Amino acid sequence: MTEALRITMIGGGSSYIPDIAEMIISRKDELPVKEWVLMDIDEERLQAAGGFAAQMIAEAGLNTDVILTTDLNKAVAKSDFVVTCFRVGGSAARVMDESIPFKHGLIGQETNGPGGMVMAMRQIPAILEIAHAIEKFASPDCWLINLANPAGILTEAVYRHSQIKAAGLCNGPTVLREAVLKVHQVSDEDVFIKTVGLNHLHWSKVYVHGKDVTDETAPLLNEWIRRNIPALDFMPEEIEALSPGWLVSAAHYARFYYLTPECTQQLRNKGEVNWPKALHMLIQKFPNVFNEKDREGVTTRADMVRLLEKKTMRLYKENNYDGFQIMRLTRGGHGYGEAGLRLIDGIANNRNNIQVVDVPNRGSISTLDRDVITEVPCLVNRTGVYALPMDELAPHAISFVKSVKAYEMLTIEAAMTGSYRTALEALMTNPLVPSFMQAKGALDELLLVNEAYLPQFLPVIEKLRNGMDPLKA
Amino acid sequence: MTEALRITMIGGGSSYIPDIAEMIISRKDELPVKEWVLMDIDEERLQAAGGFAAQMIAEAGLNTDVILTTDLNKAVAKSDFVVTCFRVGGSAARVMDESIPFKHGLIGQETNGPGGMVMAMRQIPAILEIAHAIEKFASPDCWLINLANPAGILTEAVYRHSQIKAAGLCNGPTVLREAVLKVHQVSDEDVFIKTVGLNHLHWSKVYVHGKDVTDETAPLLNEWIRRNIPALDFMPEEIEALSPGWLVSAAHYARFYYLTPECTQQLRNKGEVNWPKALHMLIQKFPNVFNEKDREGVTTRADMVRLLEKKTMRLYKENNYDGFQIMRLTRGGHGYGEAGLRLIDGIANNRNNIQVVDVPNRGSISTLDRDVITEVPCLVNRTGVYALPMDELAPHAISFVKSVKAYEMLTIEAAMTGSYRTALEALMTNPLVPSFMQAKGALDELLLVNEAYLPQFLPVIEKLRNGMDPLKA
Amino acid sequence: MTEALRITMIGGGSSYIPDIAEMIISRKDELPVKEWVLMDIDEERLQAAGGFAAQMIAEAGLNTDVILTTDLNKAVAKSDFVVTCFRVGGSAARVMDESIPFKHGLIGQETNGPGGMVMAMRQIPAILEIAHAIEKFASPDCWLINLANPAGILTEAVYRHSQIKAAGLCNGPTVLREAVLKVHQVSDEDVFIKTVGLNHLHWSKVYVHGKDVTDETAPLLNEWIRRNIPALDFMPEEIEALSPGWLVSAAHYARFYYLTPECTQQLRNKGEVNWPKALHMLIQKFPNVFNEKDREGVTTRADMVRLLEKKTMRLYKENNYDGFQIMRLTRGGHGYGEAGLRLIDGIANNRNNIQVVDVPNRGSISTLDRDVITEVPCLVNRTGVYALPMDELAPHAISFVKSVKAYEMLTIEAAMTGSYRTALEALMTNPLVPSFMQAKGALDELLLVNEAYLPQFLPVIEKLRNGMDPLKA
Amino acid sequence: MTEALRITMIGGGSSYIPDIAEMIISRKDELPVKEWVLMDIDEERLQAAGGFAAQMIAEAGLNTDVILTTDLNKAVAKSDFVVTCFRVGGSAARVMDESIPFKHGLIGQETNGPGGMVMAMRQIPAILEIAHAIEKFASPDCWLINLANPAGILTEAVYRHSQIKAAGLCNGPTVLREAVLKVHQVSDEDVFIKTVGLNHLHWSKVYVHGKDVTDETAPLLNEWIRRNIPALDFMPEEIEALSPGWLVSAAHYARFYYLTPECTQQLRNKGEVNWPKALHMLIQKFPNVFNEKDREGVTTRADMVRLLEKKTMRLYKENNYDGFQIMRLTRGGHGYGEAGLRLIDGIANNRNNIQVVDVPNRGSISTLDRDVITEVPCLVNRTGVYALPMDELAPHAISFVKSVKAYEMLTIEAAMTGSYRTALEALMTNPLVPSFMQAKGALDELLLVNEAYLPQFLPVIEKLRNGMDPLKA
């Protein structure tokens, strides 16, 4: 077993932190944590969420120091693992990412399309600041484990612009794995899942005891998605017929690429979640926390997220476990903590097990470059994370993957250079964006409202404000 | 100089044939043609257009045998060059290609989008029949020079499924070259044009005496397009700002990829050409041929094409040169004959000159596979056609090119196998098709109306007719 | 656990068979074998070695049917695993492979250089006959596990010319693994070894508990080689300085590439093993089997091998375990049985463990093609064998690997076509062959003496016999 | 026609300079040179050779300023073309390059093997100094045209370590082209030659009027080599049978790779040229310049070269055209001046003709990387030099080419870093070097005698001098 670890969370004031505390507690014997450092720039949230997490750790009798700090360099110093889960601009910026594209006929979503691109451009400088702090201050073997979105692009940016070891994670593969374990009533080592693609755009084959059970598994997974994202009218069975042998494993994202105009219409009309219904459930379950008056201010998903944040943070402050329950029930983030801790365990304990991780491709997907980040099954041990060679996707799927990867690369370049033209090229490369005029309209408006978070684009924003076209010299 | 040649035209009843006759006449000294074979399955058109062409040749005093035949094998026997310009299904099928996609929200165009895909699936078996006849009966050094559309896909199909030498041609590069010669008042050997991409999707740099004059040339070319395709509201200057250093050289096609919804809207409303205006001009110019009554049946482009075909064929039959003038003025095919004869001259006369041709890439575009067909500048001599290594396109452009090339490959596979799933995958890979539902709707309807020309799809069409989904086993 | 298996050995009369019997016995609980089929074309050896192996199985109380047969199709019928260990031409052909090249100034060795090439050309038709029998008669999930030499080339031939699942194995990686376990006193799951290259040409990095212990391990491994191949004057330390971070893991083969003229001189003078000393040891240890008179006929390695074969086969016939001991002590084949059974166990029991296997590269060595066979660490489970992405070798090492892989491909092509020119091209590509004249001299003589085993070269051999140069038409 | 040019020669004191003067004179109408700058670090030779060349130019009535200078920056300032023909260390260093390798069993030759590697390491820093001067001071469109040896490696170094436009040239392709023109009695535009490979390692196909005449041409070319390099016993016909369809176009170098031990033996015994015979011819032809006493000091090629240098320089000083005649007759450099001026003409006059040049591969040889330097036919015009896509070489030939290219890359890296290990890796990668021990022996001795020219290796040389092994830390 490994020696006790120092693990740092960036975004230590996130409402997901108690979830991770629970994971640490449940693995306390096999993965002892000596120091758990929670870092956040928002001191109030840090004290609320972090304080509650520390309380959980203490109550569980762990011998772990929980350290709260707002200083990045101190937080990462001597760390063995730095886990990132932050969102520059918070939920206010998310509202813009999700709403402005609709005005221009495009999909409004936080990780895909123009909203996702602008979010990436806010996040990339932040994660590179963290990566450079790790280069200077962390343990030389330190791994950055990125949970922040868009997870694939951020991991790609870290590999392009720093020298550290990094891996990105999404809860999607964890959700799939847990569903398979449950449905087929088997244990972890009996299951082998080939998940192939990019973050939020992948297809999978599922094996139990070495036998292919993909076709039996697909309907169960689709059922899960329908139950969890009820507002969507989505028939993955038809789409899956295009990729025989595979299931569409991140179907709630994949549908954007298969049904762009239909999804744009649906999301614009209803949003991703049925909020009134969700709020009704909360009022029933937690009458001390929610009541009918809470309905008043809630019309959009963003309103709902803000309400939930306010309530859970208050409960965290009071060390009330209801906050934790509410977060779990409502935020869809389940699986992130599990994925993060499982990866740390795989590396630190030299497990030689298989996990689906965002790392350099290295031949896993034969038609992509060797050094780009893909989301694929990897062998994980203390010497590294090794992408396994995977089966060929259906031709249309590999074409989607290549276009999206080209978009990701251009997004990173735009984020690093502040080039307006590169940002527009990124959007033109994105399969969700069919029109230069729509792309330009959405980009211009998003840049203007993100001025505070995109210093690299200030000269461009200045031109836009003055009615000039930044494409002209 | 080369010995006298045998040149065969497949589609010898095409209304463009007199145009090619004129090219042969104008090159009679440097490129003597011993036998000019015109082959067509439509005997009436063959006699009309071919008979008129023979008359032109005779009047010019050439010592060329003009041979009319409906027998493919005899037509290609011992030929040095076989030139293809045919359209399976004729203008009736074209009407369907151009109209059905609109019903499903997609662009309706004869070479791009779902219409172009179905046209390709009609044409591929035909061109492969020709290629196999060449393998068996033609001169061992025979070249197939393909002018039929979609030119890039057909040339690709010939390379994938036969062993002959082949090259595809489009009038686009000829139009650009002639515009440059005229505007800059220089001769052919002073101009070097880097045209890079695929058929109907390319960008160019223009050099005169080795000096880059791209920026001065772009507005002149755009002006030409605006004059010739007046119904379109299209601003290439803005799009060109995305590719600094390049002009968008097939802009009337490229716009589909940059402005998919806008172009769909425009084409649905107006078609590509202002027909009433064009007809008015014809009535003024050729009062013996056209009159006001002709306006009655003409509402769509297809109607106009049918009217023109009827009138020119009748004039050809009467050996009336007006037919030739009318064809030149109206059919937009100018440049095809010039391109075809120039390539024959380059090969037969060992010219070592540079021509833009559809041939295997062989490293010309570094990011595409070596063996796929691209439209790029080539060194042409008697030993072959050699693609020159070209500059990198802008990143978004190369992403377009890769997606379209993937679409082309799937289209060929679908045409060869009759696989419904592959045809749908082709459409999902095409950047002009944003929705699986739209793709399926358009494909199903197009297959049903093309039953006579798509024997490879008969089992699929049978299922569709019975209301079954061909995606299900 | 897996259901009971049917395992077939081709070369069931090999003197190594009792070694494999012991492996089956030691794994009887975790890897129950229902039927063990031993097939050989030499009935006498089959009865001797196979009969003794059956006796071992019976004495150990296993419920395994041991089936002896000379019929290939029956042997592979319904098998789950077919293991190949045969040598076309036997030890007589080996004598030629090892001696003729020396006459022409080249290295004489059974797996490398001209001797190895001719051996490969004898073996390839045989292994393909087996592969095609598997295609027809074996279980659809059957794996061919090849232990026959040259192991990499034969596995490559199977992948190029059949559709079955196949993996090649060498005892080298097993020897290295066992040395590491012993020296560092750790268990299997604590060790991770990156072995990178081709069969008989690879470099390794060794990790214990995730820590790099390559530098400490190298001298221990070199010591092992010196003890086991005493006649060679070889200093791997100097050579290893060319590849910092790596040890030369098949050093007794690698030295050929680093020290071609020196090794040629050494092998010609002394052979690989000090035979008088080895025989002396056997007389001491097994006085009932060997005596001083046996020395008389033994001057070369080939003589010694023949003496050992005769003695062990006689002892096997008598069910005398001394034969087994003598084989183990003298034949250097230790590790093959262990490697073969470990791979069967990994697949059948869905182990998800790491083994060094000859399988398609799939990106493991970034500078080699995806589909060529390499010898690298693989994840092994019931769904397949997955090559892991490996570190870059030193530049000179990758150059060796590429040349040798080119040689292997040409050897396979020559074996399939009987082309004399291709065989000469193979030799010119082999880094051990510095001269066209030497290559031609050795090849011509080897072809003449191998007439019985190289029917594909009969027309060439006919020309050689008549003093004609097969390079001339 | 182009405006008048400024052309700079680096190595302006070379005995080849009058040859180039004659080329300038013969092209005076189509390629007017305004300023011809001769730069050399050896003032005496510069005045002798340069002064004579200026006299030639003046006598021919050209309006060209001939400028002699020892200042590099001034020499390249505002130049349109910089032509390099220099040898760091002069003929004294060449003696070492050619003799030391033999002592260690390796080939001793100025451009191939260990001697060529050390020469490259002396030359690379010099040519990069020139390239950087061009970056700073020359015309922005300036081309570096490198005639210095080893021409391919130096051009590769310029592309790896500077931003300028560069092309390397060898006289080999010129000799081949002139032989073809003469033998087939055709003019330049009727001939197309596919020369494919690297500098001093290539194969060719020859076409006249588009017809393949390779087989008829090969014997004529081989005859030329035999006449000009009489001491060599070399039978290219046999070797050419390994590459059907190709001739071995730099056979006097290619033979090293096909017949390494044989060539080593021949060169060690006799050198490349029969010097006594050559000297006898000179005494007959130029009795005022040479006499029997000159024989005394001449035993090796190096002695002969030094004698010729002394005599021609004296004659140049006296403006005696005999010096020019003697140089032409004896030095084998014919074709360099022609190749250099032809390339300048092709670029400056926008010729769009085909020339064989060392430039980036860009897909010309499909199995090599896109950015490495190859020697292949190129389209030459004012916008650049474009490598044409070429046919596949025979498999053994491409294996040679890849190994030699790997060697070239490592040589450049060693020259830039002064890494002893990289230099040894380069030699181990070179197909002419079969032994680590031989490589080390030759390298150590060559480094010691080249101390004055290899400052980057000073720490290594210091260790060697102290009897330490530089491979050990």
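Chains here go by letter, A, B, C and D, matching the order in which they are written, and residues are numbered from 1 within each.
The criterion applied here is as follows: a contact is a pair of C-beta atoms (placed from the backbone, for glycine too) under 8 Å apart; a residue touches a chain by one contact, two chains touch by 3 or more.
Remember, it's a predicted structure, so these values are computed and weren't measured experimentally.
Visitor: Of all chains present, which has the mean Cα position farthest from that of chain D?
Guide: A
Visitor: Using CA atom averages as chain centres, what separation in Å is found between chain A and chain B?
Guide: 47
Visitor: Just how far, in Å, is the C-alpha centre of chain C from the one of chain B?
Guide: Centre-to-centre distance between chain B and chain C: 58 Å.
Visitor: Give me the residue numbers in chain A that touch at least two other chains, ranges are fine.
Guide: There are none in chain A.
Visitor: Which chains touch, pair by pair?
Guide: So, checking each combination of chains, I get A-B, A-C, B-D, C-D as the touching pairs.
Visitor: Could you please specify the touching residues of chain C with respect to chain A in the complex?
Guide: It comes out as residues 189-190, 192, 207, 209-212, 350, 352-354, 362-364, 366, 370, 379, 381-383, 386-389.
Visitor: Taking the touch rule as given, give the residues of chain D at its contact with chain C in the complex, in rising order.
Guide: 105, 238-239, 241-242, 244, 258-262, 394-396, 398-400, 402-403, 406-407, 409-410, 421-422, 424-426, 428-429, 431, 434-438, 471-472
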